[in-house]
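Labels for the chains are A, B, C, D, E and F, by order of writing; each one numbers its residues from 1.
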Amino acid sequence: MKRLDLIFSERELQAILNTLENANVPGYTVMKHATGRGPERVVTEDMEFTGLGANAHVIVFCEQEIIDKMRDEIRSVLSYYGGVAYISEATPL
Amino acid sequence: MKRLDLIFSERELQAILNTLENANVPGYTVMKHATGRGPERVVTEDMEFTGLGANAHVIVFCEQEIIDKMRDEIRSVLSYYGGVAYISEATPL
Amino acid sequence: MKRLDLIFSERELQAILNTLENANVPGYTVMKHATGRGPERVVTEDMEFTGLGANAHVIVFCEQEIIDKMRDEIRSVLSYYGGVAYISEATPL
Amino acid sequence: MDLSLLLQNIFAPTVLFFFIGVIAVFCKSDLEIPAPLPKLFSLYLLLAIGFKGGIGIQESGILNNQVLLTLSAAILMSLLIPLLGFIILRLKFNVFNSAAIAASYGSISAVTFITAESFLASQNIVADGFMVGALALMESPAILVGLLLVRFAAPKDRPGSRKLHLSSILHESFLNGSVYLLITSLIIGFLTSLSNPSAVEKMYPFTHSIFYGVECFFLLDMGMVAAQRLPSLKKAGSFLIGFAILMPIFNSIIGVLVARSLSLETGNAFLFVVLCASASYLAVPAAMRMTVPEARSSYYISTTLGLTFPFNIVLGIPLYMSLVNKFIPISTF
Amino acid sequence: MDLSLLLQNIFAPTVLFFFIGVIAVFCKSDLEIPAPLPKLFSLYLLLAIGFKGGIGIQESGILNNQVLLTLSAAILMSLLIPLLGFIILRLKFNVFNSAAIAASYGSISAVTFITAESFLASQNIVADGFMVGALALMESPAILVGLLLVRFAAPKDRPGSRKLHLSSILHESFLNGSVYLLITSLIIGFLTSLSNPSAVEKMYPFTHSIFYGVECFFLLDMGMVAAQRLPSLKKAGSFLIGFAILMPIFNSIIGVLVARSLSLETGNAFLFVVLCASASYLAVPAAMRMTVPEARSSYYISTTLGLTFPFNIVLGIPLYMSLVNKFIPISTF
Amino acid sequence: MDLSLLLQNIFAPTVLFFFIGVIAVFCKSDLEIPAPLPKLFSLYLLLAIGFKGGIGIQESGILNNQVLLTLSAAILMSLLIPLLGFIILRLKFNVFNSAAIAASYGSISAVTFITAESFLASQNIVADGFMVGALALMESPAILVGLLLVRFAAPKDRPGSRKLHLSSILHESFLNGSVYLLITSLIIGFLTSLSNPSAVEKMYPFTHSIFYGVECFFLLDMGMVAAQRLPSLKKAGSFLIGFAILMPIFNSIIGVLVARSLSLETGNAFLFVVLCASASYLAVPAAMRMTVPEARSSYYISTTLGLTFPFNIVLGIPLYMSLVNKFIPISTF
């Protein structure tokens, strides 16, 4: 089993969730209000009330095949406003 | 060292924390207000003010033996309202 | 690629971020309002309005070398109020 | 239904703010009221309704016959409606879902009630303070019935861990956060009004003056929530969609008949009908999710929040007023 | 600038609270208003400004010549200013950054407007309710211009996925959360004032009475935000820092001339000038971040929030008042 | 203690809301006020107390002898009490814990103060506006003393990284978020009242009218927090539990004697005593956690929040009133 961590602008949450649904992930978890810095941009707390939105952190536990299916689409979404995606190993309890 | 990720209904937080305490985990971290979707249920933001509660994400860094001790109890709690539990490798800094 | 998870008192967030910046991490993500328990202390929700502050959870995806550079400084910051730091493997999507 | 009533209702700020919430979602505006701000409004409204209600009850002098009869009828309705609903829902759903949905319709929605109160005020019709008592008393019994239905009608093979003990049934019915806050605030309002009128005055700006504005703000949020709930309603199927509209109307008719037989005055009768017709999206869903995890929360929350609530706010209130006008003889003072 | 005006402005609670926010950051106090509380204030202010504005427009009777002229001039300014700004900014920045920053200065800041209104009230100068209409009308056109500039001036090799369709340009211009809430609240205020004056009264304590206090609270937060933004301004360079101060002054001068040529009265003229001089940190940045990801958000948000906003609040308002006093003949009633 | 005073205190809405918060936790109701909403109330209360206090000070004309004496006595008490507390606590605890707990009892609790003010108002006893000045002045010195105690009494082997520089001691004492907000709001209130009375009026609905209601809401939350803190108190042991009750009583007795020797009038004397008896759960704990990580935060926060605060709110206030009635001669005007 794999664990996929996606961190990106909250604005793209719907697009990412659609991608996940289309790939038939068994589930996902969303944590909003994350801030951070990437190679180019800084995302700070005041961006939330100014309407620019903070980041969302999405965790997906799923099989490698599902990740392979989504790879291109996720990458293309993340290429728009930025964001990162990392895979690690995970074993169900 | 292992990392245990537990994601489940906030309503069960106390039960899960009790389980962790009983197994003598060295510590844990709780993040509330997570939303998500599992195989059956969707958990959305409006469930918080309607009193249904969102999800909690609990992270525990501990030894494999402790996880083994807790496995059955955690599974039984998670079987009630649902939720997921995954283990991965982690090395202290 | 590595994933570094740092969990510590919100009060030290600036010090930790400075350390990360000095080590030239490619980016980081911050999630505030985490609570938890460590070997000695409990951090609960009411500590936020009493001004004691909750925990912050910082995730950094970066190379091992960068982690090696930061190790001592992070450890020294975490030794003040406590906190944990763990490394795991991660592959970019 | 009387068209002028409909228009008067629709042009109230409360309903207009509800609309702009709905429209914001339909137009994909990025307007957002992030959690936990809606919780703030919802807690405030419960506290203020309760406090105001407690004062109202104290002022109307509790123990006369009419009051006791009305309150008893209210409790009775909240026991009866879930039973009727359960029978209807069992045609299509399993015991768990049927009980959870039926309980929601037996209980009440405080925001529907206060929107109805504002409507009443705009019509210059008075109602008695003790009607908030009816509101408070109708929240819990439906939960009780729902959980008892699960307890006795659930399949024998329900795992032991999910056995509903009477104690946990009572706990969920009366100690649910929103039930608890409403009832205790009501008691505090009552006690304060009794023993400390100057404190009532000091609370006034908070509990009374800014109430209507906060209500509007909250309805803006409710509009967004309701609209976001709609897609998941489609999945629920046409039976449930029909139920979400017809059940309130059905309940309102029973309500009118009961109100008539109790010879309630126009204002009280109208609020009584609204209580019967409204469905819970706070206390009951929360209790059901705790104790009946087998029920799909999207069923009971999407119907009440996505359909019944908007229906009542927009069309139901003027409709029930028309019903009351038709069936309740105008009271002569 | 008139020193007494400056002092009177600085000793208003709004500005004082802004200062203590700034000082808190400079002194490294751990004072914090955690998310999403600032959002609550910001939503409240938009809703209340809109609602009050709608009442104001209704009360001033919409369709007279002066009103139409003023509103048209407002729209024109919000189309013109971004074009001028764009030309200036292109000296130093690429198309994306120039368009995004220019659009911010074409649009308006509602909080600057209400601080100006309070200042006006403290001077016992009246202004007309329809000026909130000007505020609402000036938010979107600048976004439109900014996005059209990107569409037509952007390098040919912009990837197709970032092509700006007219529909999404319009969507961002008019359905942006803060634009939407302001305009719809204005419409609700208008309709309510027209059809339901008693509801206006019921809203009054929420939308009017506590408004000034909430404004102060919000300015405390804005002070902290502005001060936190300052360091990133240094990175933006001296050209942008100069622009953030000189552009509002430049715009205010055009504004005064337009106001004079329209023979606006003192109060309206002053608010008109403030609108021209103020820059958006809500609607425009949000829209730009959605549609022009190539622009550096730290450029357009740090200038407006970290420099132009404080400048306007503290020095701009008395400066623009002096300008108006000098160039606008005192109206004789 | 006078039983009628106790009853009058307990039947105030503030105290009743505190109780229902406590009961909610004991009954395991799922009532919850999620973070960061309590922070909103706490920021609001500090801002409003400060602002009102500033007006009060301005109105009572600052520089007369009685005022200066009272304020000096207040500062003295907040220097003296932590020293006494430290000596007692050292019987059982190490330097770090003793200093942190002692500092908390030397400082004050603003919410205890305003509950006492409401109680006073319900007794129709007046107090002077400058007493809020005493409140503000008593917050910081105790922090100072606590940190100096750590600096000089801490074991020699404390790691260098934890050396307390005077600058950081002062920083924590005066720039702590809640100290800072209270003091700066007080200054703003003072300046506004002096230079801009119409602005005071515009603030009034926010800072004065809705204050009591927000206070009740906050006390509901405090009730829950206090009750949640109780279990961890058990771990702290009976010495600390005794200290949390007896220290305030002890301090109140010193307070009464000082008030008597200063010939304070009833109202002022009572508030002075309450300040002496109350313990900080905002400023001091936050400062101690920053600078003395060796101290167990659960010790100093659980005692003040879980025991001393409820004790003062419920029993302390009427008790201190009885003391004042007994020892302070009734003032003849």
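What we mean here is this: a contact is a pair of C-beta atoms (placed from the backbone, for glycine too) under 8 Å apart; a residue touches a chain by one contact, two chains touch by 3 or more.
Since this is a predicted model, take the numbers as computed values, not measurements.
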| item | value |
| --- | --- |
| Copies subunit E and subunit D - interface residue numbers shared by over half, same or different | different |
| Relative to subunit B, chain with the most remote C-alpha centre | E |
| Geometric centre distance via CA averages, subunit F-subunit E, whole Å | 41 |
| Cα-centroid distance, subunit B relative to subunit C, in whole angstrom | 20 |
| Length of the line joining the C-alpha centres of subunit A and subunit F, rounded to whole Å | 45 |
| Residues of subunit C engaged with two or more neighbouring chains | 11, 31-33, 48, 51, 88-89 |
| Multi-partner residues of subunit E (at least 2 other chains) | 30, 34-36, 39-40, 176-178, 205, 209-210, 286, 290 |
| Subunit E-facing residues of subunit A, complex | 9, 11, 33, 40-42, 44-54, 76, 80-82 |
| Footprint of subunit C on subunit A - complex, ascending | 4-5, 7, 31, 33-39, 55, 57, 67, 71, 74-75, 84-89 |
| Subunit A partner contacts - residues on subunit C that touch it in the complex | 1, 3, 26-33, 59, 61, 88-93 |
| Contact footprint of subunit D on subunit F as seen in their complex | 11-13, 16-17, 20, 23-24, 27-37, 40, 118, 121-122, 205, 209-210, 212-214, 216-217, 220 |
| Subunit B contact footprint on subunit D (complex, rising order) | 34-36, 38-39, 41-42, 161-162, 176-178, 225, 228-229, 232, 281-283, 285-286, 289-290, 293, 296-298, 301, 305 |
